[in-house]
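What follows are several structures.
Below, subunit A partners subunit B and then partners subunit C, in two separate complexes.
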Partner chain A sequence: MSMTRDTKVTYGLLALFGIFGPILFPDYTLSIAYLWMMVLMASTWDTLGGQMGYNSLGNITFFGVGMYVSAIVQVSFFYEGGVAEYTSAMGSIKPEFTPAEYFWGLGLGILAAGVVGLVLSVIFSSFMFGLRGPYFAIGSLGLAIAVAEVTITIDYVGGASGISMPLFPGDIEFRSTFFYILCFVLTIISHFLLRWLYSTQFGLAINAIRDDEDKAEAMGIPTLAYKRIGWAIPAFFMGCIGAVAGNMAGFIDKEVAYPIPTFGIFMVAMALLGGKGTLWGPVLGAIIFHVIKEATWTYLLNLQWVALGLILIINIVYFQQGIMGWLQTKYPERFGIVVDTSTVTDADGKEAA
Partner chain B sequence: MWDNLQLLFVWAPIINVQVILDGIFVGAVFALSAYGLALVWGVMNIKNLAQGDFVIMGGYMALALHQLHVPLVLILLIVMPLMFMFGWVIYVLMIRRIIDQDMFVSLLATFGLSLLLQQVMNLIFGPEVQTIDMELPVYDAFDNMVTVPSSKLITLGLAAVIATGVIIFMKRSRAGQAIRATAQDPRAARVLGIDIDRVYAFTFAFNAALCGAAGVLVSIIWVIQPFYGITYSVRSFAIVTAAGLGNLPAVIGAGFGIGLFEKYTGAILGTAYEVAAPVSILLLVLIWRQIQMRRNRQVVR
Partner chain C sequence: MSDPIIKVEGVSKSYGGVKANVDITMGVERGSITGIIGPNGCGKTTLFNSIVGYHPIDSGSIQFDGQEISHLLVGDIARLGMLRTFQQTRIYGKMNCVDNMQISVSHRGDSKFSMFASRKGEIKDRAEHLLEFVGLYSKRNLISGDLSFGQQKLLEFAMALMNEPKVLLLDEPTAGINPTLINGLIDRLRRANEELGITLCVIEHNMRVIMNLASHIYCLANGRMLANGTPEELQNDQRVIDAYLGGH
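After this line comes the complex of A and B, so read on.
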């Protein structure tokens, strides 16, 4: 993985911010944790949406499923009564987990959440990838709504009344620092995995699928297999981050686990704002979006959702190429893009050589 | 579930009449908004995810007018032009700019619009579930086993009148001809002197008016809430995907089909599944289309 000087500086600055941000501004630790979470969501959405051209509106499904799976794992491993008894008590049972039990449960829960997300995505792949363009987007949105609606009919996981997560063994500052580190580390892992993947043959193959799937298939690329992997990676990370988010929230129900109109659409908006189909676009978009979101939260009390909706519309309608796309057309040479001047007509309208 | 099945088919089969009637009542309303979607989709290739929120918006307008003691027919005559103007404004502000873009852009932009409308309605009308009580008589049949509120009968009649009006309008009027011509071949239509931009604007505004009418009917026979819109959008998409574009009889048929499916799911599995029903039927339709297409080694695009 060779890096240019700019990239190294960017990583350095981000690492400095990631490490010293919560130390310097301890009140904002959880807010910065959500920032990394959104970077992860936007980046992994971009694998499927930007790099592979399958615009999903349903990646949030894995987030919610991950949340519920980790809750089940965390409760069932160390509480003798079982999950059904725990959820039917509606939060009145507060099992005392020792720190070791809690952290083991959490670790296993996150891993299980990722794996279940991955398995689920492979199952979905079998009946979703015959859909193209808008049908895939609508189908995946339908999938997310359907899974959310089915979840609240299952009494085992608390039905419509939700589950309260096990209590964190430690004080509130340690709690936020701990979840901050989890979010930060997961985001770093996902970023470098994607960075590496986009530089391999896998990256080329999914880009080929985006550009012309029929031709890609004709060239002998096993498109379905690549598409499965292309959805399994986002699904795994969405499951893991869902498990973390569930524990951060402390209580999960349909609204927390399947935030389709909020995070479900924000991740798409962030990737588009930064510029989809690039590695850095979603990161940049997530950072800008999060700053705007926090600012509107603070200064525009009841109107914050209206403001976010407006931002989304303006972004999509008037500024679709995104920041990275705009920069690439403005300064192509900074991105190592060689503009072939031989076919570009000069100012007089004559062909230059 | 087993109890409900027994109730429906062994102990009191007459309840089926009630379920079927309810299915037909709501199906008529679904067909209206689905036809609007099919029109916009077919003419200008915009997939409007804010469809359901237009419906709910019409419902809230009706609610506000009803509180001013405006009679029902007049409510329809006020809401439809208002929604028409609203649709025209939305077209000028955003749809015009995304019309020749990637298909996903229209989907996402209208999703943004949908969020915006939900939040604005939530701010104005509050998150409570509301309905219009027309205080009309309720008819009973078969020893009180089946109840038919006359408001539902009136709604069905109004939906039929509106649908007939739309069919005649699309077939006979110059504007309808222009819309159909543009849907067939925009370039040829432009060459023949049709102002495409105006046709697009009219089509989108017409769709908003149809949704508004559907919303008025929904607020009478059912309940409205700022965040209920998305299920109407999903139903419309399911109907259009199943029925195809621009085929009004098929859209009406599919609308009744979804209405019946939903009511039977509610009756057999319990009302908790009534929201999941339109979504699952959308997925089933999409899977069915894939299976059909795969026979010819094609995909759904």
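After this line comes the complex of A and C, so read on.
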């Protein structure tokens, strides 16, 4: 993983912002935490959507499932009454977890959320990857809606009335800082894992599937195996971040766990805005999108959705390749892309067809 | 035929009411260059598709290297070592030439970890060497979709070589290629056969090319096997001449 100077400077600036942002602007700690969460969502969405060309509208499923799995683990591990008793009390039971119990439960909850998300994605893979193009997109959206609806029929996890998450054993500032660090660290891990993956044969294989899946199959690439892994990685991280988001929210129900029209769509919009199929596009897109979103929510209240819609329209109509794609076309040499400036002759002087 | 690597016996394939292949029997000798000719719509590409597993056949048997493959899928057959190129030329258009080559490595006997293998070293050297072999070295870092049709065809051929197949089925390799380049391509096909030991089976419309290249030629007409033999035999076969002059 060799890095150019530009890349090192970018990482340096992001690290400075990530570390000193919440120290300098403590009021915005949770907002910046959500920023990292959106970077993670957009980046992992792009593995399947951008790099592999399978536009999933259902990655939010793993977010919601992760949230519930984590809740079950956190409650069942240290509350002897069991999950059913806890949820049926609708928040009136407030068990006093010791900090050690709480943090162990949370850690195991996040891990379990990721693993269940991953397993779920492998199950989905067995029937979803028969679909291509718009059918996959709508099919995956259907999955998200279906899983959300099924969740509220399960009384064990509180049904339609949701679950109150265990109380954080610490003051409110420490709570913000703690969840901020979790979001930041998960985002860093996912980013560098993806960065490494895209530099291996795996990256080329999923790009090949995007460009011509039938050709890839004809060349003997085991496409289904790659597609499974290509969905399992986003599913794992969406599960983990869902677990964190549930604890940040403090209370989870269908709307919190399966925010299909907001985060579910935002992650796609952010990747498109920044430039899908690139490592940095979704990162850039998420940052710009989040800043605009926060600004419009503060200064243009009631018009915030209009403003976001406008950005999406400008993006789709004028910058279909997104910001990174546009930059790559405009300054290809900055990205190590070679443009043919020579006449069509080979080294030995023969004309090429 | 002493040592056939592909053995097709009594293969039939219909699309609805159209009988694309009827009771086709043929063989491809190991290490040879075998040609398939026939007028448009006579079932050559259907036969290719049957051999590489694109669709199930209605009846008959297809063996590759002694193994029955008519029930296998495209990917399985490719991993056994039999590849095809496409008449319409298919490459990974948004990736550069070297990347196209690197992802075309063989997947025979892959371990789980080769999915995450690094892209440096031996693979890259071989990719660049083969690009040089087809005369695309100077274009290696260009996005392959920006190449001309003829160059894409050469790239597709190089990608197939990268896979180190035992057999390569080429569907009209010279179609759409500049006539001055065709000689170079014939030369490269022959070298791939002789130096790399790859058995070639070639569908071709250009008679000059196929008569020069192949040692044994099969001629299809109306979905049936019309004749087969050496280039000389076929050139003097009245049935073949009639088929091409519109006898059907």
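Convention: the second predicted complex is superposed on the first by the 341 of 353 C-alpha atoms of A that agree within 3 Å, B and C clash if a C-alpha of one lies under 4 Å from a C-alpha of the other, contacts with A are read in each partner's own complex, and residues count from 1 in each chain.
Assume a residue touches a chain if its C-beta (ideal position, glycine included) is under 8 Å from a C-beta of that chain, and two chains touch if they have at least 3 such contacts.
The model shown is predicted, which means the values in this text are computed figures rather than measured ones.
Chemist: Once the shared chain is lined up, is A:268 touching subunit B (first), subunit C (second), both, or neither of them?
Modeler: first
Chemist: Applying the document's definition of touch, where does A:130 land relative to subunit B and subunit C: first, second, both, or neither?
Modeler: A:130: touches subunit B, not subunit C.
Chemist: Between subunit B (first) and subunit C (second), which does A:221 come into contact with in this model arrangement: first, second, both, or neither?
Modeler: After superposing on A, A:221 lies in contact with subunit C but is clear of subunit B.
Chemist: Does any part of subunit A touch subunit B in one structure and subunit C in the other, and if so which residues?
Modeler: none
Chemist: How about subunit A: which of its residues touch subunit B in the complex?
Modeler: 55, 57, 127, 130-135, 137-139, 141-143, 145-146, 149-150, 152-153, 160, 261, 265, 268-269, 272, 302-303, 305-306, 308-310, 312-313, 316-318, 320
Chemist: Contact residues on subunit B for subunit A in the complex?
Modeler: It is residues 47, 94, 97-98, 101, 103-105, 107-109, 111-113, 115-116, 118-120, 122-123, 230, 234, 237, 241, 272-273, 275-276, 279-280, 282-283, 286-287, 290, 293-294, 299-301 of subunit B that touch subunit A.
Chemist: Flag every residue of subunit C that touches subunit A in the complex, lowest number first.
Modeler: Against subunit A, subunit C makes touches at 52, 74-75, 78-79, 83-84, 86, 90-96, 99, 102-108, 110, 114-119, 135-139, 141-143, 146, 148-151, 153-154, 159, 163, 177-178, 180-181, 184.
Chemist: Within their complex, state which residues of subunit A touch subunit C.
Modeler: 197, 199-202, 204-205, 207-208, 210-212, 214-223, 225-226, 229, 277, 337-340, 342, 344, 346-348, 350-353
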